[in-house]
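The two complexes that follow have subunit A in common; it is paired with subunit B in the first and with subunit C in the second.
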Partner chain A sequence: MATATGQPITKHGSGAFSNLWSSIKQRYSARYITRRIIGTILVYITTLIIIFIIPHLMPGNIAYQFVSRLLAINPTISPAKALSIVEAEYGLNHPLYVQFEIYLKNVLLTFPPNFGNSFEFISTPAMRIVMRALPFTLLLIVISQVIAWGSSIYLGVKLALRKNHLSDKVAVPSLYMLYSIPIFWLALIFILIFTIDLHLISSSISVSAGAPFGKVMYALAFPIAIVVVSTVPNHVLIIRSATVDFLKSDFVMALKAQGLKSSTFTLKLMKNALLPSITQFFMQFGYLIGGIYVIESLFSLPGMGTVIITAAIEYDYPVLEAGLFVTSVVMIVSNLIADLLYPLLDPRVSYM
Partner chain B sequence: MIGTVLQVEDLNIYYSTFGKSKRVVEDVSFTLKRGEILGIIGESGAGKSTIGKAIMGLIEPPDRAEGSIIFNGKNILTMDRYLLDRIRWKKISMIFQASMNSLNPVQKIEDDFYSIFRDKMNIRDKRKMEKMTDELLLSVSLPAYVKYRFPHELSGGMRQRTVIALALTTSPDIVIADEPTTALDVITEYFVLSILKERLRQSGSSMIFITHDLMAIMYMANRVLVMEKGRVVESGALEKIINEPENLYTKMLVSTIDR
Partner chain C sequence: MTEAELKGKNFLKNKFRGIGAENSMWRILFKDGYFRIGAGIVFFFFVLAIVSFFYLPYNPVASTGPLWSPPSYKHWFGTTGSGQDLFSQWMVGSQPTLLVAILSAAVASVVGVAVGISAGYFRRLDEPMMRMADVFLILPVLPLLIVIAAFIRPTNFTAALIIGVFSWPWMARSVRSAAVSIKKSPYIEVSRMNGVPNSSIMKSIFMHTLPIVLANAIFSATGGILFLAYMDYLGVGPVTSYAWGTTLFYAQQANALFVGAWWWIVPSGISIAILATGFSLLGYSMENAYRGVSSR
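Up next is the complex of A and B:
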């Protein structure tokens, strides 16, 4: 008989923190977590190597670039002497493998990782410039994605429920069209319409890092709107098609038969739609960051994108390296979180 | 007619696939009396489950249903969504064919119960809902911890009993059981059926018991409809169908019983 005798009466996974922990223990084996963390470390080291190589592949000699910058500030110094000082300061007189060793020591063994001083803002460590810009970018990402994601789950489920209706037939092709527009072009069109034609919003509200929150939000509103408009279509389409799929399944039929309130019904479906949308979100995260960097630079917001793009244009290698490093760390950590989060959200998945 | 809870007359149901309409239920009429268990038996594709869906008002465009299903003097087929939702689960509930899959995979069993308590019975007190869930689970011989489990963490028999408990939550007038024990082994099947029968006796609900399993019908039903290719080919009291089958299909079916 199928009675389950002898099973412990435990209440797992019901929200509180202790339950979360027992839930984690139940869903992952130590082996899985170890493997996942080792994988993350390997990716981290590979990233460090690539970040070291990229500036060396860029045209021009790093030390010459720096010295010419110094000469522009103060023409009286002797170029040869400056060159030897700069080379000694940044370790550029060593062979490449020694430079790599110094680089690894500076990045791995010091906290925060030391990429040297910026070439442009000579006495400021590159890492400090980047860390000052990071909160701004994170704010832009978090706010825009919370808005985009929340509305996409709702819209996606609603559209799936209206499949074959006129609204769905109009919405899907338009969403595909919006989805195929690159974010930088969308931003230019937004500026053209809302700033130049309608004079509604200024496209260049100057704001610096550390400005009051209200002012930061004021400057961010327009860019956030653009990021939302550009990310919503993809989310909605994925959630819609996933929902259309599971609308055919038996449990949805059973839910319909229960005649629940339509808000209850929609909420339950949204919970089911959450899973495919999370996978989608993290798969798109890299593109999202790329798009956001371009937007920041377009609106001259003091975020990571502006810092990295300026550094690349100005040959500010330390800042470029630090910027790429922080971006990579954000990416790696978010992917790790996604992997560990998924089994907690989908009770059927466990990693053993 | 006094004592009749459901009256189905000239029910025709058409399924539409790729623009072509196909009649899957043809001129079916029957009545369901209070407290009675009406068995509907027939081979796969005979239209049994479709009748069950029609009674729940689940035949949606492009499919359509004609005729009438009268409940409380009103035709379910022409009812608007609002009235339908007031009847669904409160007056008529259903145990689905694939009960194994009819529980939402990403929510705990308690959430299934709680949403019915909240939306159908207007109970919002958490403690009361918990207590009622425990009682309902106990009534189908399930321990209380089941409510903290996800569907995939339960065995087939436990899920099945959970679905039965869900269907009986509101003590509805009619329960439609659509092959409730198909996926279970024989011993579990009779355990589940005996629980179902006992619970029906307690609540005084009527039941439409849909199956292709003659043994289950013999165990459960008072009266039987035999269906073949969308039509009712024979109907009557259980004893009559078993002992004096008239139709060829019924004869074949009865001959499979090892006496």
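Up next is the complex of A and C:
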């Protein structure tokens, strides 16, 4: 890339880094970067507001749930007194704008952001429960998406090259079908076939957050396979349509005229198809991450999905808010990184 | 206006209504195999939903047969762990699924068209409105819907509302880009110079974006089906109705998997997938037909 942008390749130790830096400076203007970062902050604030609004959509307030839970454990306490104590602890006895102020102070000014203590695991901060689960989810997402992405680039380009052949005409609707299958149902069918009928794979391998890596991977193999099968169709369809558009360009005509070997030609197509599909991928990340959460909860893996879905069923509101907050932050940060990396990966794009 | 411009003016209208032009959008569509498959699937489930209002073999929630019975002549899809007839449940399940799909698509269309056309037409609104759409695109939609549903415990209508509220940005984006390109065409410029009021120009722009709106609404309906299935399966969906996802939720609760009761799981899940595929094929072929016509 350094030679492509006309920068001399430096010999000293930090050469790669300084090259990267100079190409960054060439590709972006300061104005673009500030605009992009202001946009990110805007999204962050909107997310915070949405997370604040959601619990207030409910009739009554979340303290009633907590008190009924306490009453179930210990019926002798006085509900009115417990209610007032809980409301004071979560700041629910203030007017709405004061609550918003307290909320902003808790989330913006403290680190890690404070969403209060969990209802289920009493006296554990909700944020700690969520943060403990985060690495596991990230591992699952990264591994499954690297595998899915790699295989779909190959498949997508192959399908695009065979456009209007019978195999493409059959493949497209069947990929739509596979894409439309909810991931949890696919998992149920996989368990039914491979675990219950064929006795091939165990579907419940217990694993905890601090387990050694090999054991974690062993437990993750089956869920990862399911996530890969269910996300490949989406990637393939995106890459196929990007390549079909790309095949119409003059550029490809020139490539063909060069008389390249077909494998080299395909490789070049793959490289080109990769880039436009990145943006598309991050747009559908919100749906994908939800599916991965459901899979985690189905296999009882100690990830964010299990935490959030258990909290949703158990009415554990602080954990729900914290989980949603962390999910949004992961999405926002990965979107920002993808946006900023894009011109570095694709020499044709620059944000000046 | 020259002959060509006049033709251009009536062209989109004719294409949409299928009058005059030999290759109108509908004609192209009916030749398309994907469209026919998709239309067939959607039509089938609509008929199923309508029939289920008037006729059901059994009461879908009452225990009417042996427990855990596999498919038989009496119970076509078998029975649940408490003896409910799964065929009746499957028939009833099509109602809320289609209702939520259509309502959420309608909500997404109304918001998306309003935002898209005003952003495409008024240059001053363009930047803020599209930034707002970007904000909604980045949000983790599915986790957000699950959490909101956990808080508000929705009915079918509120579920459709929240699904629609989070799926309008796609619509807004494509409507905006179509509106921008239509706004540049000569006949709009002529009518602006003649002092035609903004509202009627916007109405005509809207009429011309209608095929795009329709295709996008169909894609939103697909999303609505899947989102509803996720919510129902996790047990946070509408509690007042019995959708396919709800059947799967109860199957999971009763450990149907470990009993080996595949008949409890397969029909509902496969129907979700088939209906969603039907809608996506419709949307896909409409988008293609629109592109084919407009690039001619």
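Assume the second predicted complex is superposed on the first by the 293 of 352 C-alpha atoms of A that agree within 3 Å, B and C clash if a C-alpha of one lies under 4 Å from a C-alpha of the other, contacts with A are read in each partner's own complex, and residues count from 1 in each chain.
The working rule: contacts are C-beta pairs under 8 Å (C-beta built on N, C-alpha and C of every residue); 3 or more make two chains touch, one makes a residue touch a chain.
Since the model is a prediction, treat every value here as computed from it, not as a measurement.
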Is A:31 touching the first partner subunit B, the second partner subunit C, both, or neither of them?
neither
The chain contacting more residues of subunit A, comparing subunit B with subunit C, is C
Figure out whether A:260 sits in contact with subunit B (first) or subunit C (second), or with both, or with neither.
first
Between subunit B (first) and subunit C (second), which, if any, makes contact with A:215: first, second, both or neither?
neither
Output check: A:250 vs subunit B and subunit C. Expected answer is one of first, second, both, neither. What do you get?
first
Go through the superposed model and pick first if A:346 touches only subunit B, second if only subunit C, both, or neither.
first
Return first, second, both or neither, reflecting whether A:272 touches subunit B, subunit C, both chains, or no partner chain.
first
In subunit A, both subunit B and subunit C touch residues none
Per the touch rule above, subunit B residues touching subunit A in the complex are 56, 58, 84-90, 93-94, 96-98, 101-108, 115-116, 118-120, 141-145, 148, 150, 152-158, 184, 187-188, 191
For a test of understanding, state which residues of subunit A touch subunit B in their complex under the given definition.
1-4, 7-14, 249-251, 253-261, 264, 268, 271-272, 274-275, 345-348
Please output the residues of subunit C touching subunit A within their complex, sorted ascending.
34, 37, 131, 134-135, 137-152, 222, 226, 229-230, 233-236, 245, 248, 252, 257-258, 260, 262, 265-266, 269, 272-274, 276-277, 280-281, 284
In the complex, go through subunit A and note every residue touching subunit C.
39, 42-43, 46-47, 50, 54-55, 57-58, 172-173, 176-177, 179-182, 184-185, 188-189, 191-192, 196-197, 283, 285-287, 289-291, 293-294, 297, 308-309, 311-313, 315, 317, 320, 323-324, 327-328, 331-332, 335
